[in-house]
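Chain nomenclature is as follows: A, B, C, D and E, assigned in order of appearance, with residue numbering initiated at 1 for each chain independently.
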Amino acid sequence: QDEPRTFALVQINQQALFFNEMNRGAQEAADELGVELVIFNANNEAFQQNSAIETYITQGVDGIAVVAIDVNGIMPAVEQADAAGIPVVAIDAILPEGPQAAQIGVDNAQAGADLAAYIGENMESDELSVGVVGALNSYIQNVRRDGFVENRPEGVSVVNTVDGQNIQDVALNASENLLTANPGMNAIYGTGEPALMGAIAAVTSQGRQDDISIYGWDLTEQVIQGIDEGYVEAVVQQDPAEMGAEAIRALNTLADGDEVEGEISVPVTIVTQDNVDDFRSLFE
Amino acid sequence: MTATDTNTRIASEGGVPPSDGTPLMSLRGIRKTFGSHQALRGVDLDIFAGECVGLIGDNAAGKSTLSKIIAGTHIPDGGRILLGDEPVSFQSPADARARHIEMVYQDLSLCDHIDVVGNLFLGREMTKGPFLDQERMIKQAEEMLARLEIRIPRLTAKVEKLSGGQRQAIAIARAASFEPDILIMDEPTSALAVAEVEAVLELINRVKERGVGVILVTHRMQDLFRVCDRIAVMYEGTKVAERRTEETNLQELVDLIVGKGGH
Amino acid sequence: MTATDTNTRIASEGGVPPSDGTPLMSLRGIRKTFGSHQALRGVDLDIFAGECVGLIGDNAAGKSTLSKIIAGTHIPDGGRILLGDEPVSFQSPADARARHIEMVYQDLSLCDHIDVVGNLFLGREMTKGPFLDQERMIKQAEEMLARLEIRIPRLTAKVEKLSGGQRQAIAIARAASFEPDILIMDEPTSALAVAEVEAVLELINRVKERGVGVILVTHRMQDLFRVCDRIAVMYEGTKVAERRTEETNLQELVDLIVGKGGH
Amino acid sequence: MSTTYTERVAGSATRDFVSEYAQVLSIATFFIVCLVFFGAMTDVFLSATNLLNVVRQAAPILVVAVAMTMVITTAGIDLSVGSQVAFVNALAAITISAGVPWPVAIVLMLGVGALIGGVQGWFVSYQGIPAFIVTLAGLSIYRGAALLLTEGYSIPIRGADGFLWLGRGTLLGVPVPALIAILVVIAGFVVMWRTPYGRQIIACGSNFEAARRVGMPARRVVSSVYVLAGVASALAALLLAARLGSGSSNAAQGFELQVIAGVVLGGTSLMGGKTSMIGTVLGTLTIAVIGNGLILMHVSPFFTQIVTGVIILVAIWMNTRLFTGTWKIGKGGVQ
Amino acid sequence: MSTTYTERVAGSATRDFVSEYAQVLSIATFFIVCLVFFGAMTDVFLSATNLLNVVRQAAPILVVAVAMTMVITTAGIDLSVGSQVAFVNALAAITISAGVPWPVAIVLMLGVGALIGGVQGWFVSYQGIPAFIVTLAGLSIYRGAALLLTEGYSIPIRGADGFLWLGRGTLLGVPVPALIAILVVIAGFVVMWRTPYGRQIIACGSNFEAARRVGMPARRVVSSVYVLAGVASALAALLLAARLGSGSSNAAQGFELQVIAGVVLGGTSLMGGKTSMIGTVLGTLTIAVIGNGLILMHVSPFFTQIVTGVIILVAIWMNTRLFTGTWKIGKGGVQ
């Protein structure tokens, strides 16, 4: 082959570090392997992902990695790619059974449950009233919410759920209202980066750091600061860069004609004051 | 209204003799208030077939408001309308149009984005199967405008760009061409040049001969004497006088308008 | 323009004698094409101080287009405009207004969402510090309208709701009240009742005495003889004739308009 | 003083045509430039597969844009179409999953669309509430209803291959959604161009009161376009559901803006009365083509949005200059 | 025939007032009903803390809504405000992180806002491209630029406590953002109510050509409102950045629709000319209050959107009935 291979990464959006880290990891892996990587940003619109995949099929790329918005809805495109002989791997959002060659990433439901379990083990009081800041328009975050809520340990009650719509400022307003609505609430669970950021801004700007503990997903500089200051208790941190890299490596292996594992797990870490130092370098 | 129906009404040019006896339409005690402004304070008016009633009065006297009530555009707050002997209550201009009442509005009521033909046939589109019959409409439109002596070079031009007089002619042609029984014209000649005014006055006399009852709102006193049989004078929302044309003169009318007449 | 300036111009009522000699304004070979339609095909016209020029012609002859060119609303495609001896080229109505040229538009050009006072002072708002001086404007508005004999009960009502004649009176009062040097009136009396028409004609004579040059576009032939000194006749985008009022008569003008005069 | 009477020369039909259709010509030029540009820059762009793909992808938007053109022509707007699509899309998946035969489901869904549109139309037309407010409320309500139906998850459609064919199949080599969109477009075009109903829509948008005064059923006409928008949204929802093989409350986010963008880019005026169905098709396809072309050209996703915006703005601007006087600001644009 | 001349009775000032301000009265009634309802349903709602909170939350929207009212009054629209907020928000965080003193950064950001608005205004006003198209392109461009700037990072603002005070601090017990919003609202109100500039804005929207004909600098006025919208967006961006303590391209999505919703709900007409600054404030606060109240009432988030939509629609409808004849469809609404 004279032309380098081209792989496509079909992304959800680029407004969260998570996705951009994934892109970075994928790009680095691509550079290492000497392949070309093209990235498509669907800006949260499910059918744009299908359109992009169809376009890549027409163009004849050598492999496609997809972070699905609608896990069922993406399947026709995945099947089309398969029919065209193009291997597909899924990242993060778990696809239903289908021709995709591999599923890379985290079990979001499991990780949500793990965080709940962590809370159970580390509870200081015997009662925790949690307010959830979710993003009803994000499938993945709904899974995280349900994983958490359904597996919450004894003594942990969910007092209220609000919709932050995956937008920081909306999540901020929703969190503030959540605080007002539930004077007795003593914890917040944010299911993704914007939700967590909104919750942190609400708690800090109202000076409620002392009586509210925050849990959630996705590290950022502010989250680390919150962990240092003690009001952010525990945060699920994924390794999106590694997910991206694994996806490209898997696609390359598949393009070579070799097999890959059906499930490539990139484990999550629950970040607390104990292990936060390992992650500081991410933000320097 | 179907295309055929429209056609027949345009085509027939029968000479109905002016009737007397019962009026085509009678208004009794018509009142209309806008917000807290009394536009009409109880107006009576009869319109007879084959007769033209001039409706005059100072600005803001209520002439347009009264006309619009007859045309179904405004719903009166009080009073009765009789068509012949039958009491009617128009809920919309469509009701009035269904009773063959047509009006030329002072503001013309044209659709700027629609072409000349389209405006002439607005609400009366001719069709061929489910489609507009553009050709036939253009042909008839030419005739309709020719009768008013107005020159409009391109019938498929949007009316937005036309001169004031051209626009007014379209509004007149539209109302006059569909064989109304009652034709209301609210200052129809205000923007027209001399020859075109003549054409409109002729048109009024022509439709009168066919038995149409015409209401002419105008500020051109000399026109009244050319076409009207009776003249009603309005003042501040009331009808203050009514004269047969042959029994009055310009000066009396002017005095009546400004309120010098009756005191 | 500052509030004070506006004021002075309204207040002073000096009697400038009608000048002769060089015209206030001269138009030479004015051409204007809209798309492919020749609205004006080379028109010459002079306006002298203290004189009223009647501009007449058939509908669509180009009267409004010519007026708008003088007022800076349209930019001519060809020809020259001289103010006194100075060639000017108006890029917008603001330029013309800065040279004290005012116009009453045929379509009135009112803002429906603004009240009567606001429309009267549109573009000339009086201020008190940074704010509109509503009180002073209302007071002056009353005077402006009184001169036109028009009755408008509430000066803070939106003009949208007013009768046709009331609206026209506002447009006239607006143009006439700010001491123009040249006042163009495009069919200013078309919607006015008798007394109001008289008031406008008087107004024209009054401003003429002050040395204003007036252009009056009208289809009311009898008005021409009451106020005009000269009459220009337009036909299909050209000026076909010009007469001194005392040297012509109604019939000649009518013939000139329709094209019987010159053949 | 001798007077000579001459007549004006007759206008040029070509110039009249150009000035009348300036806006469509402008977007058409722009569309062709896009085609040529992307054709030159990438190999596959002009391939039949890719072009059919583009039309298939644009199909749901096209279908709704046709109805939206009618809505906007009446000086209205329907902001709820995206939410309607999501709602019907989810409902369709649920209905079919519940075992309702898919042809029945289709009819039901179109009925639901008509009903939703009818309610909105009633508020707008008979109750006189601004379309913007009614359909903004709708945007919120139907999206919420979709969320509630699905609880935020997506519902797979299984065992309804005939249904899926609607979104994925081809007929004579042309993708079925593309075919459906083409049919809808033709119908929309004919209606607006040459039927009394189309004329009524334009009249209501140009001068509602005048339309009413000439006896048109003006209120009924205005409400009917919302019904059409509802039906079109339902059809788009079905196409999406069939293409994605699932129903989800997150479908069609931001869809309304894409649809309206296509319509407005095509020259239909938000002020009502001024309409162009061909323009709508070209506007919608142009946006689709730019999206497709940029993917094919492997433009970095960080630049895609910037480039898309700049292309649209600059191209429209250059075209406006080309066909001067095309757009006018303000309502009082008549000189 | 004897004739008697009588004069009409003078109109009632109250009735004129009610019919003139029907729309504001309607939204005001609705707002009060919301306050009473939520006050009755929950303990905290009417507490000073909560109410001040609501105003603080609504502050960025309020600030932009004031400028948007002016834009919409000219019969224009600015769809790009949300993207502008995201862009300036990100840029502000970057600038401050880069060590630029925060007061300087504020001035810079307001300048950037004015510049962005100026460019958009130029295209709309001097080039005659529909505002919808220009600002839709802007929506895409500035959001893309924000993405590019941040690469998805949310950039923390550190060591600028004075800056953060803008978003979080209080002055005399009132949150600073609320104070700023109140000042902007008052300024906006006074400008529209009693200044020549406000009059020019209304005139341009009511009849652009008439405004031009009376010698108003109509094009300059129209472009200036976009500059104001740009500055207001920048201010909102600063408030958001100060509240969140960070800048991110994720900020203010869908912001434009919230802003426009508040304006339209308040009675300003998208057709131009008809304006109400008080209405805008009430409309915006009403939406904020509903959002707040529903959370306080513990309404399930799955129902929030449905309930919000229904409340707005039904309330506006009932109010319309109450103050009959409030809204009219069509442009030719003058009888």
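The rule is simple: a contact is a pair of C-beta atoms (placed from the backbone, for glycine too) under 8 Å apart; a residue touches a chain by one contact, two chains touch by 3 or more.
Model, not experiment: these values are computed from the prediction.
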### Co-neighbours of chain E and chain D - touch as defined
A, B, C
### Task
Look at all chain centres (mean of CA atoms) and spot the one farthest from the centre of chain D.
C
### Query
With respect to inter-chain C-beta contacts, which pair, C-E or B-E, contains the greater number?
C-E
### Query
What whole-number Å value describes the gap between the mean CA coordinates of chain C and chain D?
46
## Note on the structure
Taking each chain's mean CA coordinate, chain A and chain B are separated, in whole Å, by 72
### Message
Using mean CA coordinates as chain centres, what's the gap between chain B and chain C in Å?
### Response
30
### Query
Using CA atom averages as chain centres, what separation in Å is found between chain B and chain D?
41
### Message
Residues of chain C that contact two or more other chains, please.
### Response
37, 73, 107, 109, 153, 161
## Note on the structure
Residues of chain D that touch two or more other chains sit at 8, 11, 16, 147, 151, 206-207, 209-211, 302, 304-305, 332, 334-335
### Residue list for chain A, restricted to those that touch at least two other chains
14, 136
#### Entry: Every chain pair meeting the contact rule
A-D, A-E, B-C, B-D, B-E, C-D, C-E, D-E
### Of all residues in chain E, those that touch chain D in their complex
75-77, 79, 123-125, 127-134, 136-141, 143-145, 147-148, 151, 204-211, 218, 222, 257, 260-261, 264-265, 269-272, 302-310, 312-313, 316-317, 320-321, 326-335
### Task
Give every residue of chain C touching chain B within the complex, in rising order.
34, 37, 56-61, 64, 106-107, 150-153, 161-166, 169, 187, 190-197, 219-221, 254, 257-258
### Residue ranges of chain C touching chain D (in the complex, touch as defined)
35-38, 41, 68, 73-74, 107, 109, 233, 235-238, 240-243, 256, 259, 261-263
#### Entry: Complex contact set, residues of chain A against chain D
11, 14, 36, 38-41, 43-48, 50-52, 54-56, 58-60, 69-76, 96, 136-139, 142
#### Entry: Contact set on chain E toward chain B in their complex
1-9, 11-12, 15-16, 19, 332, 334-335
